[in-house]
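Going by the order they are written in, the chains are A, B, C, D, E and F; count residues from 1 in each one.
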Amino acid sequence: MDFSLVRNLMDPAILFFFFGILAASVKSNLEIPPAIAKFLSLYLLVAIGFKGGVALSASGFTATALVAIGAALIMAFLVPIYTFLLLRKRTSAFNAAAIAATYGSVSAVTFIAAQQYLTKNGIDFGGYMTVAMVFMESPAIIMAVLLAAIVRKQQAQAEAYAGAKIQSVPGSSPISIKTVLHEAFTDGAHLLLIGSLVIGYITGDAGKAVMAPFTVDIFKGVLAFFLLEMGLLVARQLRQSKDLNPTLVAFAGIMPIFNASLAIGLAYMFGMSKGDALLLAALVASGSYIVVPAICRYAIPEAKPGVYFSMSIGITFPFNLVIGIPLYFAAINMLWA
Amino acid sequence: MKSVKRVEFIIDEREVDNLLSSLAKVNITSYTVITGAYGNGDHGMRGADIFSDSLSYVLIACDEEEVKVIIEKVRPVLKSLGGICLVSDAMWVIH
Amino acid sequence: MDFSLVRNLMDPAILFFFFGILAASVKSNLEIPPAIAKFLSLYLLVAIGFKGGVALSASGFTATALVAIGAALIMAFLVPIYTFLLLRKRTSAFNAAAIAATYGSVSAVTFIAAQQYLTKNGIDFGGYMTVAMVFMESPAIIMAVLLAAIVRKQQAQAEAYAGAKIQSVPGSSPISIKTVLHEAFTDGAHLLLIGSLVIGYITGDAGKAVMAPFTVDIFKGVLAFFLLEMGLLVARQLRQSKDLNPTLVAFAGIMPIFNASLAIGLAYMFGMSKGDALLLAALVASGSYIVVPAICRYAIPEAKPGVYFSMSIGITFPFNLVIGIPLYFAAINMLWA
Amino acid sequence: MKSVKRVEFIIDEREVDNLLSSLAKVNITSYTVITGAYGNGDHGMRGADIFSDSLSYVLIACDEEEVKVIIEKVRPVLKSLGGICLVSDAMWVIH
Amino acid sequence: MKSVKRVEFIIDEREVDNLLSSLAKVNITSYTVITGAYGNGDHGMRGADIFSDSLSYVLIACDEEEVKVIIEKVRPVLKSLGGICLVSDAMWVIH
Amino acid sequence: MDFSLVRNLMDPAILFFFFGILAASVKSNLEIPPAIAKFLSLYLLVAIGFKGGVALSASGFTATALVAIGAALIMAFLVPIYTFLLLRKRTSAFNAAAIAATYGSVSAVTFIAAQQYLTKNGIDFGGYMTVAMVFMESPAIIMAVLLAAIVRKQQAQAEAYAGAKIQSVPGSSPISIKTVLHEAFTDGAHLLLIGSLVIGYITGDAGKAVMAPFTVDIFKGVLAFFLLEMGLLVARQLRQSKDLNPTLVAFAGIMPIFNASLAIGLAYMFGMSKGDALLLAALVASGSYIVVPAICRYAIPEAKPGVYFSMSIGITFPFNLVIGIPLYFAAINMLWA
């Protein structure tokens, strides 16, 4: 494991991530223009979706694929539930619901990093894992919105009993679950991933041949730039966030290990391959910092973005990127041996 | 120069199209939009990182009566999704 | 033809175009940052211009080249005339002049799509066709400005006879033809295409060798992203445009077929190759949505951009991209057989 | 703080350089420009898609007399190519 | 609608974070920032080419007392690194 | 030399530079979106830094490397001193200090162009030259700030003697040398170059293998686009600058030759290779237009950016790019023969 950790750290893209953290720490004015950073993230989604689609068109929807997707879905429902129960008393109930959604959902960049890790170590994985990732985006959001609705109702009742006036957050009224679902499904990042997956699936090897110089060859370089931006972002986010307490910080570091352990156990039980198991672990261990925070801002306005977004991007993301992935893979290697 | 009102509001980029269409229905069709703003308010930080939608700054020069119509359309958006709307006085250079 | 249509639809870039339309239709917030979209379009112009220049430096300016350019010029003068005569009574005369300019000029992306189509089908074409495209930009603009000037004069006379006060459009005075020509020739897109063509011609194969990974290898991927943006744009444009009437919609769908037929006939008469014929057809069938609309806004302020821009980008562009190109090629195949 | 005029205008990005040079000739050399705006008005939509030139928002804080000079230079541009110009009051924080 | 002050300032992009953090310390946490502006002033051209840092335009709607606090924080930045700060009147649309 | 000059002019990237100048001269609206232009410059820094680091990891820090870096450092201290002494009386003393800093420092793009020139001519050079470039950034800044401080003191004394009130520039007070050094070292461009160099050094050939399609293959194309932007910028800068007098213009054209001559002499004395000698000459001959001007704006507010920035980017940069590099190489060829 030590060896593989070092090997992970020797990846240029990972090193650019550290460099970004360092640059932001010394308050450099280094900045990737926002338009570029957004485009790099779109590129990564297209590349990863397209690649998954092509792989899927070669393998087809086998039983292996369905099992993997099933395992992913199970975890996408489980994680928000136990996260909420665990945190309900340790922060506001609304924060807990938003954190539950965040960790139930996934980080595409963590998924990409795990794929890169496998590729470097010569381990295979299935194109259907990209489908699994797509399926993991929404359940968490739905559950969190429901949890928030329940909390809201309970508090209203409690206040009504106490004779207090029912008060909503100043200047905001939670939006309908229908709107939330529409936003979740039409979110640009989510849709682009699905679209690229489908296009990769339709065009198969012929598509791959013409797209590869763009989606495969320059991928590592683009990823390096994007991780540089992520490094800058992580450092700046951590500096600014004042809403984090030690419990939440600890949670953001321990949670991924716990979640990954469950995922690895499930993968083992289901007889998944080592590569697929690592990808599942990375998905389950990661927290969303795109779709879910964007939606929680409106859907659970009572929760503080400074909490769930900071935990997910400031702590869990770098943890998984640097330590988590090699750690999970070491565990998988031991278990599968 | 003639005296006009200067209405400016800051709302989620995603809402601008809808809002401007609804203003077009009541014949308010002249406006300027600056995209890519970020800010902080009751709903926390927005638009400052690449993962959150940007805010847009919208400027409309109009007369007194139109102000009321605009406010009517803008207020519900501010209420549910946040933002601000300011009205001030200005002189319009007639050309 | 059915087969080639399906094959055209299986192209990843074309599929991204459909995906863009779909994403905009479900009101997704998917967006390519404008700075990126602009750059992608500059990239395409550089790549296509450079490639044409290199090809030209290999072949030289042969009689074949001059014939092709001649055919293009003929059509560039013809199209605006009959378009104007046809539409004069069906919309305002100023709109008719602007539409005439729009359809007399060309769409570089349609040209690129036709080249991609030929490449996929293993058909050759000449580098001089890029020169032909360059030459087709301006005649239409000049003619339209002249037509608009005539209309303006006639209306002024008519009003004078009727004893009415001569009125110009509120707050606007049409700008001089000199300014118009300056704008047309110094337009960034136009100039960049010419510049890249010349640089490709000068540097030839040596230039090609060093530039190819950038201008050739990743071309398809960049095109896919750009067509995604075009799809988003087309759908949004159609949703917003309220100035289109059924006649104009029909015109925007039928005109390309009519124009392409003439172009194909001319190409046949002139003994052009199948590849060159398709490119000519695509140029003639396409309408401008960059240079010409930008200029008409000032040069013919009486015309509504919501009309000519929407027709060209919202209807004619997707029509040519998806149906037109394979259709014209099927016709060419039959005729040349 | 001293009382100043706040002149703002919205014109085609392509015209900004020319206009600012002509203002420089009459000794008005302090200004701020925000690029990439889009908008709608008598000339239809502008700058909203990648194929049309963007608009720029220009802000100049100046005194009463300078306002007249600026308007003189801006008006012809507004007349031939469209746009708006607003003048309002503000207090300048002296530093 | 309630009457508020409209404070706007233009400073080096690089200084914005520091300034906003220092404003946060005195409980001024609502603001909007538009980045990517360029301009000219006593220190010459800034932000107009890719090699110089851009300027940011910051807008804060606040009440009379807050204006003083803001100015206190902004003035030193203007003094050492340039920029401007304007204060004007506006009506805030309550939502 | 004539031959190599022509060959230099035939490079697509150099031709795009000329095209940019031309487009700006005819007042075209051609524009690379600023976000893109900034990103292209970041890309070039990453590519050049990474490449240098990889080369360095292969060669190690040899005596040759140390000699080259030593030569670079000597020049970085010498140039500002004699530049200041030369210009002190020909423009304001503050301008002279800022110009001294500008020419003591370097232009990364000129360095890149010199590397491209060598590659095209099949001449080797060392990865340590990138380290040399990094080391040349700061000395000039420090010296210029010190010079400015001295000038400021002298003027204050002179004014005090004359009984005048001590006045600073309206609305500005020079910032501390500590702040200046912090800004110099944390400048994004500077830091990114160092970071990429270190990452290239750490990851070596393994890193090179995965990054090459991004950092090497498409390099020329990206450079072409960037030089197009530089051409636009140079032409616009020259049009606007009103602070240049004939002496300064002449200086900006002659200075590079003088500086390069010294550098070549030193390289010859130190027994450097032809390739390294050219890179050293290009570094010494070039003037900074990124870090130094950004810092002088605050550190020497009494100096006019319209002077030092215009000289460096408007005259010296194009001179070196087009004429200087082949000229210096011709001289090196003669001397080393």
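As a working rule, a contact is a pair of C-beta atoms (placed from the backbone, for glycine too) under 8 Å apart; a residue touches a chain by one contact, two chains touch by 3 or more.
Computed from a prediction, not measured in an experiment: that's the story for all the values here.
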Chain by chain, through touching neighbours only, how many steps does the shortest route from subunit C to subunit E take?
2
Per mean C-alpha coordinates, the chain lying farthest from subunit E is C
Subunit B and subunit F: spacing of chain centres that average the CA atoms, whole Å:
45
Inter-chain centre distance, subunit D versus subunit E - centres from mean C-alpha coordinates, in Å:
19
Counting only residues that touch at least two other chains, what does the list for subunit F look like?
29, 33-36, 38, 171, 213, 217-218
Where in subunit B do residues touch two or more other chains at once?
34, 36, 42, 53, 78-79, 88-89, 95
If we count contacts the way the header does, which residues on subunit C are in touch with subunit A in the complex?
10-12, 15-16, 19, 22-23, 26-36, 213, 217-218, 220-222, 224-225
The subunit D residues in contact with subunit E across the complex are 1, 4, 6, 20, 29-36, 59, 61, 88-93, 95
Under the definition above, what is the set of subunit B residues touching subunit E in their complex?
9-10, 34, 36-42, 55, 57, 71, 74-75, 78-79, 84-89
Residue numbers of subunit B touching subunit A in their complex, please.
36, 42-46, 49-53, 78-82
Could you pull out which subunit C residues touch subunit D in their complex?
34, 37-38, 41, 169-173, 175, 229, 233, 237, 289-290, 293-294, 297-298, 301, 304-306, 313
